[in-house]
Each structure stands twice: as C-alpha cells, then as structure tokens.
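In the two assemblies presented below, chain A is common to both, partnered first by chain B and then by chain C.
Take a look at the complex of A and B:
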C-alpha cells in the first residue's frame, strides 16, 4: 500500500501523463483514420492547438441558462479525472481508497447526468434531443459495462480495479468468458466515447448527433474543458479494456534490486505504449469499416453486448 | 495449464456462439450469410483442433472439406440465389432484433439447463454440448422468426452446422464416409430447396412466406 508522499508523486505523474496522452491519442486516431480513408488527416498535435484556441476564446453563455450550465463541465471533469486516476496504467499497486469498479462505473455516470441536464438547460431543441438520446444509450450501456467487468472480477473475488489483473492471473482473453466479455466491453466503449456505430464524432449540426448535441451551446474555455474531459474518458476506457483483458507486461510490486525495478518499469511502459497503439488502430479501423447505425438500431448493438456479457457471466459461473 | 489447441477449441466454441447471436440481430440477408460463413469457418477450425487433439487425420480432411464447402461454396451459392430473387434490403421479422436477442439468450439458458441434466455438470464436454444445443435452438428460432424463404433455408443450415459441430466436439467425429455423406446431403438439400424457392417465386411473384395464404394453380 502506497501512502503519503509517494502516492502524491505517483498521482501527479499520472495527471501529467493524462494531460499529454489524452489529446495525443485523439490526434493519433484522427490522423490514422484520415490515412485509412485516403486523406492526409489533421496533425498529430492538432488537439493541443485546439485546446489552446478554446482557452483563448471568449466565453458566451446564454442568458436563459442557470448555474447548472456552467457547473456541469466542472462536475464532469472532476468525476472523469477521478475515474481516470483509479484505473491502473503500468503498475498494479493498490489505490489507497476504497475504489472499486462499481464506483468507477458510477463516476462515469456523473458526467452523463450533468451533461444531460446541461443539454436541457440551454433549452435548445438539439440539446434536449441529444440529452434524451444520451440517457437512452447510457441506460443500455451501463449494465454491460458493469457486467463485463464483473465477469473478469468474479473469479478473483475482488472488485478493485487494480486487483482484477492480479486475480485473473493469466490472460482472461484466452478463456471463453474473457473473449466474449471483451467484445461486449468494446461495444460499450464505442458507445461511451461516441464512436461511429453509435455516434459520429466528426459531424456537427446533424440530426443524429448525441455528444456534440449536448455541448452545442458551449463556447470558449468550457468547450475546451468538455473536449478534454471526453478525451480523458476515451483513454481511460481504452486503458481499462487492454489492462483488464490483456494484463500482460504490467509492473508487479517488486522488492528486488533497483535495476530490476527499473527494467520491469521500462517493460511496463513499452507494453503500455504498444497497447495504446493497438487501441488507436482498432478504433480507427472500426470507424472506417462500419457505418453509423440508425438511432433505433443502437438497441440491437447494445442488446447484443448485453447478451454477450450475460453469456460470459454464465461461463464464469459454471467455471470454464 | 491449457494446451494451445484446447484454447483454440474453447475460443471457437465462443466464436460460433457469437456468430449465432449475430444472426438473430442482422436484418440484411447479406450479413446473415456472412455470419454463416464465419460460423462454418469457426466450426472447421474447431474440427481441425479436435483432430490435432485426438490425432485423428480424418478430421483434418473433414475440416478442410467443410471449410471449403460450407465456408465458401454454399454461401456464394445462396448469395447468388438472393441476387436472382432480388430480395429487398431488410426483411420482415416477427419480433424486433433486440427481442430476438433476449429470446436467443433465453434459449442459451435453456440449453444450459438441458445439457447439465443430460450429461451432468461433472463432464468436461458439458459446455460444448450447451453451445451446440444453443446454436441448434437459435437456428430454429431464426427460421421461425423470419418470413423470407431463403432465411428458412439458412435456418436449416444453421441447425445442420450445430448438429455436425456437436458430433465433432463431443465425440471424435463419425467415420469419414458418414461425414462426407452429411456434407453431400447439405448440397443436395440446398439444390432441392432452391428448386422449391424458384417455384414459389414463379407461382407467387414473392418469396415472402407470410404472403403464401391463397392457393395458386
């Protein structure tokens, strides 16, 4: 158990890494997707420039809105950042607070709730529509998120996020239950981060948008914060997908010589980067390969994920 | 420690179940055909892995033959029928895909209970039996929930896949001559069914079975 100053340093390193990697991964996905589609794609660092641009712009807030409108991005950012810090990246050292996957799932529910309120608050027709859609999608996605993580957590008997890879002990993806749960989890990740079969992240002002619809009334620094929050959520879910289902190369709490510790840390960082590159390729290929589903077909995709996660749970319960 | 071909068998079991769930979701016939293709290839790989496990060379031959016939020839053949019939993009379904999914989940649960009572939960093969039984029931459900004649045909093919898969995964497979006979049976079955399909098309100008309510000479 890490305590005091070591824990604080670790958290600061993680926050710094999040601040760099979250926009960078968004840039990489856009760039790779552009290449796949025969375009040049935006620069890798474009998300950083976007953030700087938003920070400099003037903030316009509608007179019709209440305090919820300005507070919602802050609530979302705080909740998503806490959730992001809970997820193990390269090491499996425990988080010194009672932070388990149920807390994780509900921390991700806070931004949804706040953003749905904010979408309604501005009283625009797009905002209300998007809020209603977001609620519908999240109602379907949340149980799957919980169930697919539970499938992996169940054999180890611990709900703590950092304990799941240890409890699983081997490659959960190699077992039937793990494979099915991973597919279900990936479907939910696509829904949660608003990627193509569920939501189109590239369009604006279209009748089908979900995430963009809710943040339509925002401008300036708050809009930048919302984008940043979304990118943090994206990297967090991707890291969780890879570290829960393919927990290879992660640093074990070591007590050996410092060279051994540095060596294992190096391996952990390299595997982590390899996992992220795989994640970027996976998302870009999915987005290029699939077309957006009609709104009412969303239920088919998420229902499919739900049945898969239940099946996985059945396999775990019967011990395969 | 699991051996790698045990892992492959286990994976293919999950994979064919996945394709089984996918079949009930898709509304377009082309996607259903794609599921059949993937499922057949999954079964062929599982057959090869079982053959490797038991050291039975005739299972390799069966894997290659069923992979080529059911994974390539049959889907292409039926795809050709679909093009000739000019079937519409999305077909009529008795229940919505989401409801079908939950029914398919229920069928899996039923298969779970049946397989456990049939062979007892101690047997290592009980989950293979469950998957095969679930696919059989899902294929049957697929058949009754859709109205396109070609979907009925696909339902039979899904059920046949499940039965053959069960035979291979539960025992070391039948003698090669019997397996070849079954494969040949599938081809003849498709031939006969396709004749019937085109007769229906000729007589009713539609291959939607929900419209077959009046007598034509």
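Take a look at the complex of A and C:
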C-alpha cells in the first residue's frame, strides 16, 4: 500500500516535471540556437505561451479527414507519456512496473505509426509525402535505437531502463563500446526528434519537411497537444542519452539518514540540470553547425550509426 | 472425440446445404455457412478442452497392414484446433454474406464443399497420430486448398498460380513422405508416431540428417519460408478472402505445427546447433524479404501474403532459438523461445484473419484491391476501418496489441542468448534482434500503407457512395478476431499459460514460472512485462488528453460524436491546404508513392527498373501525358527459380532428339534401358 502511494507520488512529480521542463527545454534550445546564429531568439517561455494560445484557438479541420485524424494525437500522446515515465531522471530505484527497453522502443513506434496515418488522412500531397518519409527514416532509426541501447544494457544483464545506469557502474561513455554507441544513439535522437541534419523543425518549406508535413493540417488544441507530445519525446530521449551513457550523480536506493537522502537528492537534481544544459547546448550547436541532409542521404547517416553500434557490439561481445 | 465428430458432420452438412445456393427460398448459402460456423464452434470447444485439459487418444480404425490408425488430442493439437475453430467460425460467418458476389461465378458451387473439406483436413492434420493418416490429411488439405485457389480457373493467371502452388506443395509433400515413412520402415513398418520415434532413434547420424532435412524442407514449403515462399504471395490473393484468411492464418501454420511435432515434441534427440542456426537465419531472411516485398506490393491481399512470409519468418526464428538453446542445454530459455513461436503463431492467425477478411470486405464493396485506386473508405466504413485498424496495429507489433507480445518474447529469448559464452552467440543474436527491430519498423510501414492508402485520404478511382460498412455477418466475422487480438494484448497469459504448461510437458528442464496472475511467464534473467499496467497507463494518458481537449474544443455540444464534427461550434471545416489550389484525388498519396523512399533506400535488393516516358506531339519538352512503370526484381525468383526452370527445360529439350518418331528406336531404347537396369540390379 505504502509503496503504491509512493509510486503514485513519484509518478505525479514526474508528470509535473515533464509538463514544466519539456516546453522549457524547447524554449532554451530555440533561444540558444538563436544566439548562436546571431539572432535574439524567442523568449525562454515562448513554448508555454504557444501552448496557451493553441488551447484557445478554434479547430480548423479538413473535410477529407476521418476519425484517425482526431485519434492520432491522443494515441501518440498516451504512448509518449508512458514511454517518458519509464525513463529514470534523477534516481535509479526500480519502478514497480517493468519497463524494458524493447517496450520503450516499441512505445516510441506508436506515435510514428499514428502520425504517419494522420498524414495520409487529409488527402494532401504534403501529408502523404511526410508520412512516407517518416516511415522510411524511422525504419532505419529503429534498429540503431535498439542496438545502441542493447550494447550498454547487455553486459549488465538487465534490460530495465532504470537498471542500465545501475549495472554500468563506470562511465560507459569513456569505454570504447559506450563511446561508439553514444554517437550512434545521438544520431538516432536527431532523427527521432526531427532535428537538423535529418529534418528541419523550423521550416514549412513544403519539399523538405517531414515532421511538420504530417501535422500540417492540425490546428488549435490538437496542434498544441502534438507539439507538447513532441517536446516530451525530445526531453525523454535526451535524458535517456545522458542517463545511460553518463550515469553520474544519480540517486541510489533511498536508505540511510534523511539528511543523506536529501543531500544525494540535491546532487542528483543539480547534475540532472547540468546534463540538460549540456544537452541543450549540444543540440543547438549541432543544428547551427550542420546543414540538413538530402533525404536519401539519411540512409548514409543512419547506416553510419548502425555500423557504429555494430562495432560497439563487437567490442562488448569480445570483451576487449 | 464427440465434439470433433459433430464438427465434421456440421461442416459437411454446411457444404451440402451451400451446394443448393439459390434453389430454395431460404438462402442455402447462409444456412450452409452458419452450419459450418457452428461446426467450427464445436472445434473451438474441443480445442479449448485439449489446450487446457488432459489429452485423449483413440483408435477409430485398425487396418490390416497399417496398424492402429490413431487420432489424439494434446495441448499442442488443442492450441491449433482452437485457433482453427475461432478462425473457421469467423470466416464462415463472414462467408455467409461475402459469397453473395461470388455466386454468379460458374464454379462457385465447389466452394462450400472444398471449404468444408479444407477445414476438416486441417483439423485432421492436427489430430493425426499415425504417419499415413497425417500424410493423407496433408494431401487432402493441399488438394482442397488447390481447388480453392483455382476457383477462377478461366483466367490464365489463376491456372498458372494454381499449378505453381500444386508443384511446390507436392515437392514438399514428397519430402515429407520420405521424412515420415523412412523411420517408420526402419522401425519394422510401425506407422504410428511412436513407431516413427523408435525408427529415428535407431538411425545413423547421416540418415537422421537426411530425414530431418526432408522434414524441414517439407514443412518450410508449406509454411512459406524463404526460399520456398514463391507460391504464397501468388496463391493467397487468388483465393476468396475468407479462404485466404484461413490459408494464411492456419494452413501455413501446419508447417509450424509439423516442426513442433517432429522436431520438438516427439524428438528427444540432441539436435546439433546447426539446425538452430539454419532455422534462425532462414527465418530472418524470410522476415526481412517478406516485409520488404510486402511494402512494395500494390494489391492489398498480396501485401498481406508477403507479410505472412514475414511472420512465418519470425516464428521460425523463435523455433530456431529454441533448438539453439536446447543444443546448449539451456532448457528454460529454449522453452521460452518455443512459447514465443507458438504465441506468435496464434497472434498471427488472429490478426491476419482480420486483415484478409477486411480486404475481402473492401473488395466486396469496391471491386478492387489495388491500393493505388482505393482511398477514403474510413468515412463510409467507420466500423470496418476500426477493426482493420486493430489488425494493422497488431501486424506492426505495437503495444498493447497481441502482435507485440509474441515479438517481445522473441526479443527476450534472442537477447538472453547473450548469456551463453560463445562469441558467435554474443555477436549475432543482438544483431539479429536489431534486424528484427528493422523488420518491425518496416512491417509498421507496410501496415500504414495498407490501412492508410485504403481507408484514408481520397478515393482515386472508387465511388465512395457505394461503399458503406458491410452487413453484420461480415462485421462480426471480423469482430471476433479483432476482439481476440485486443484481449490477448491485455491478457496474453490466456494463451501463454497453457502453452507454457504444454512445453513443460515436453519434459525438458525447468519451465518459465508464472510470476503473478497478471504477468508473463518469467524465468531467471528476464524480468516480466505487465501488459495490463502498460495498457492502463496508456489508457489513462489517452483519457486525460481526451478530457482536456473536450473541455477546450467541444464547448457547445459536449458529447457530439467526433465524426460528426459539423455539429460543434469550435470546429471549422475547410479544405485541405494545397497552396491555395483545389485539391484533386490525383494529389493524394497512392500506395506506390508511399513506398518509393523504401525502394530508393533498399535499391540494392529491389534493383528497381523504372520506365518513365513522356508522350504527346511535343514529347520531351511539353508532354501531354506521362507514363511511369516500375519493375522490382524478386531475388529468389530471378536468380534461383528462373535459371532452375530454364535449366530443366533445356535438359528436357535436349532429350527431344531421341524422340525421332520411329517405333523401333523407342523399343531398342527400352531394351537397352532394361539391360542396364538388370546389370545395375545385379
């Protein structure tokens, strides 16, 4: 019973943190990117204002659509939220419900599936083009996502997301396999959250867009929900990147004196924020530094990532 | 036993009454189909009892030279009989309305009879405990399904397909005769399964290798494993939709059943690891090739047929993992892999049933299955679209559908292989897991293509006004497997527990222990998965988002149906954005355009040859018409079957020289042959 209540409280805290941090990180990335590119950039809190604005707008819906159009954002949101709740943030004590990385990878496939359908629903060329491209890119991204996480998880013997940082006591990033897998994973993160060089989140230039093309027909609250879902996915993947490959500072099982618990919790929160700031800088620099790849060169990027993770697997398997 | 007899009687009664299609006031078609459905219900109950209860064995006939012709029921048989019953029930209900548009065809009257024989012979294959009886039912199943494939035999294409199917299925059957009868002959002509077992144990290693190779090839040909898959994507689309559902759902699973029966259950021999690797890689090749070709298909039923090859590949991968683990002595992990294989067989039967019947319903309404011509059906057929959606989600293996649960178990057993300290295991198994993820993502894309291009967007060449939801018989035929898909997604232990018990009865080591009532079978090193918790979490997220959105957008009419959006104030209905120009149906993405990026990405395998031509008097510069054709190479057909067939034809042509037409020549040839044979026999 007590664990149940504790679980519920942790769940609520995490949802609240997601609701605050997911848009905030988006704002920070945009702001920092703007600075790097010699612009002022939008306000840090702009994503929150956007969400409020979307919520108040009327919905403009195409007459071509069916039930899939309204269902897709809801299903995507639910799946991404479930996946987000599995990822350890500051502590590595186990969740009461098993959350292995296979389930995580497949939960992230739900929004792609639903949004690809939604893109086809409105009968426009842009939506169809985007769905087709998204399906093609994600088909290449999924094996890398799984394999790069597996190379870190396999030696520890557990596939649980919160067990990966526990098992990897050292710094996986510093090891050869971990370093390669981290680069591979970062490439997939870029593809998954639709950032340069895979997709340009800022453009509505029809022929280049992937993610924006699928949500082109959405407006009002549903569009807000889609953006929010996307930001949750973004923060989740970034947290996973850092907590799997650099699992430092995370809180261990809370036993001992309460002062010690509070102290370690403080350290964990501070390192978490530091990791997020690094992630923001990393993304902003990547987006400024690189140009968008041509669509069919995506195969090269993701193939490169796949080869990297295979190499990492080779190191792990041979134990070198 | 009684239930099985009742089922057979009802199935035949249904066939007979189906024969009198339009002769009576009450439709013979419907009465027949409903009798057959009740017969399948009896099969379901018999299968359920077999799956959960103690088995039975009975000997209806004792023949002079063949011994006791036994049939029997155990958990393995029960699982497949139950699946056959469920799917047969749905397809019979579906057929009761679906056959309406086939009644005009001239050899339609064969259909109910062949259909009844088909179901009976499949249950016979599962029940037989005597090799001759098994082969008899096997042949009956092959012939009745051949009859069902060539129903439209006035078409050249249909006949060619039928004969190709017949050829490959008989090649497989011939190998099965070898693999099943040789050990029996060794055991002193004891043709029961136990006699086969005695024979195989007494055989030398080399002979045993030949027997198992023959069995593997025979069962793989029926299952449609690469490279023996060529008949499958041709034959399945040719049969009527409800028959395709049974062929894809159950008939190709008889191959899986045979593998389980003869490689796993009755064979206590230590199999070398080679068999495991062979099955694993053949399965992987099937999975990848199947899904890639599925993506490229334009016809819905052909797409699903290729997807069946993919799923058979996944099942064979699991079987291969099981044999691999057994060769290492890791019996608990082997059992996990076998659970994965059987669970995925059940799941695939269910969701492929929905999809094929859904395709049939589309064809029934629109008279086309071409994804480039369909579109927008979801607005006319909301209920059908939801059921089809469930099937598509399960086909993509997304949680919380049942498709995910089977694949999850396979992932777990692949990854558990990392704990075995061979470098090849540590390296290949995670890599295969990653390729399985690629397969999963491609399957999702194929599902998006089939659902999206048929049900969403705008119709290209189909009049949507003639495409409302089909009637209740057809819908309930789809609804039952759709319900089962969701049920098994939330409560996979309904099937996985009895399967785990079944595998425990094989007598190999510890069994995946059920961990708690709501969880998965759990063994050391693999943590459980709680589908119900995940599903509930998903649902809570869904409901929360829905409530918030309702609050925000449906201000006036609180509970208006989402489809009826015009009644709500805060929603404005407009045209799709198309840069300010009117949208035409030609702008909507077609199936072919959807899979174009995959063609480019996997060009190495597809080697697509495009033929793009501009027509008109001012042709290259100002064309009035453009034509575009694309041909994709099929690896095994182009590089294996075509040269093989060409070679055989060349050899037989070279023998034509002997055919000079003189009687004396033939007689002397026969005489020489006789002499050669006599010398050889000496």
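Structure notes:
As a convention for this text, the second predicted complex is superposed on the first by the 317 of 320 C-alpha atoms of A that agree within 3 Å, B and C clash if a C-alpha of one lies under 4 Å from a C-alpha of the other, contacts with A are read in each partner's own complex, and residues count from 1 in each chain.
By definition in this document, a residue touches a chain if its C-beta (ideal position, glycine included) is under 8 Å from a C-beta of that chain, and two chains touch if they have at least 3 such contacts.
All values derive from a computational prediction rather than experimental measurement.
Among chain B and chain C, the chain that touches a larger number of residues in chain A is C. When both complexes are overlaid on chain A, the residue A:281 reaches neither chain B nor chain C.
Judged by the touch definition given at the top, the superposed model places A:261 against neither chain B nor chain C.
Contact with chain B, but none with chain C, is seen for A:174 once the two complexes are overlaid on the shared chain. In the superposed model, A:60 makes contact with chain C only, not with chain B. In the overlay built on the shared chain, the residue A:183 is in contact with chain B alone; chain C does not reach it. By the touch criterion defined above, A:124 reaches chain C but does not reach chain B. By the document's definition of touching, both partners, chain B and chain C, reach A:310. Of the two partner chains placed by the overlay, neither chain B nor chain C lies in contact with A:293. Note: residues 299, 306, 310, 314, 318 of chain A belong to the chain B contact set and to the chain C contact set alike, using the contact criterion stated above. The touching residues of chain A, counted against chain B in their complex, run 174-176, 179-180, 183, 297, 299-301, 303-304, 306-308, 310-311, 314-315, 318, 320. Considering their complex, residues 2, 7, 10-11, 13-15, 17-18, 21-22, 25, 97-98, 101-102, 104-105, 108-109, 112, 121, 126-127 of chain B touch chain A.
On chain C, the positions that touch chain A within their shared complex are 375-376, 378-379, 382, 385-386, 389, 393, 396-399, 404, 408, 411-412, 415, 418-419, 423, 426-427, 430-431, 433-435, 437-438, 440-442, 444-445, 447-449, 451-453, 455-458, 525-530, 533-534, 537-542, 545-546, 548-549, 552-553, 562-563, 565, 570-579, 583, 585, 587-589, 593-598, 600-601. Touching chain C in their complex are the following residues of chain A: 55-56, 58-64, 66-68, 70-71, 73-75, 77-79, 81-82, 85, 97-98, 100, 102-103, 105-107, 109-110, 112-113, 116-117, 120-129, 131-133, 135-136, 138-147, 150-151, 154, 157-160, 206, 216-217, 220-222, 225, 295-296, 299, 306, 309-310, 313-314, 316-318.
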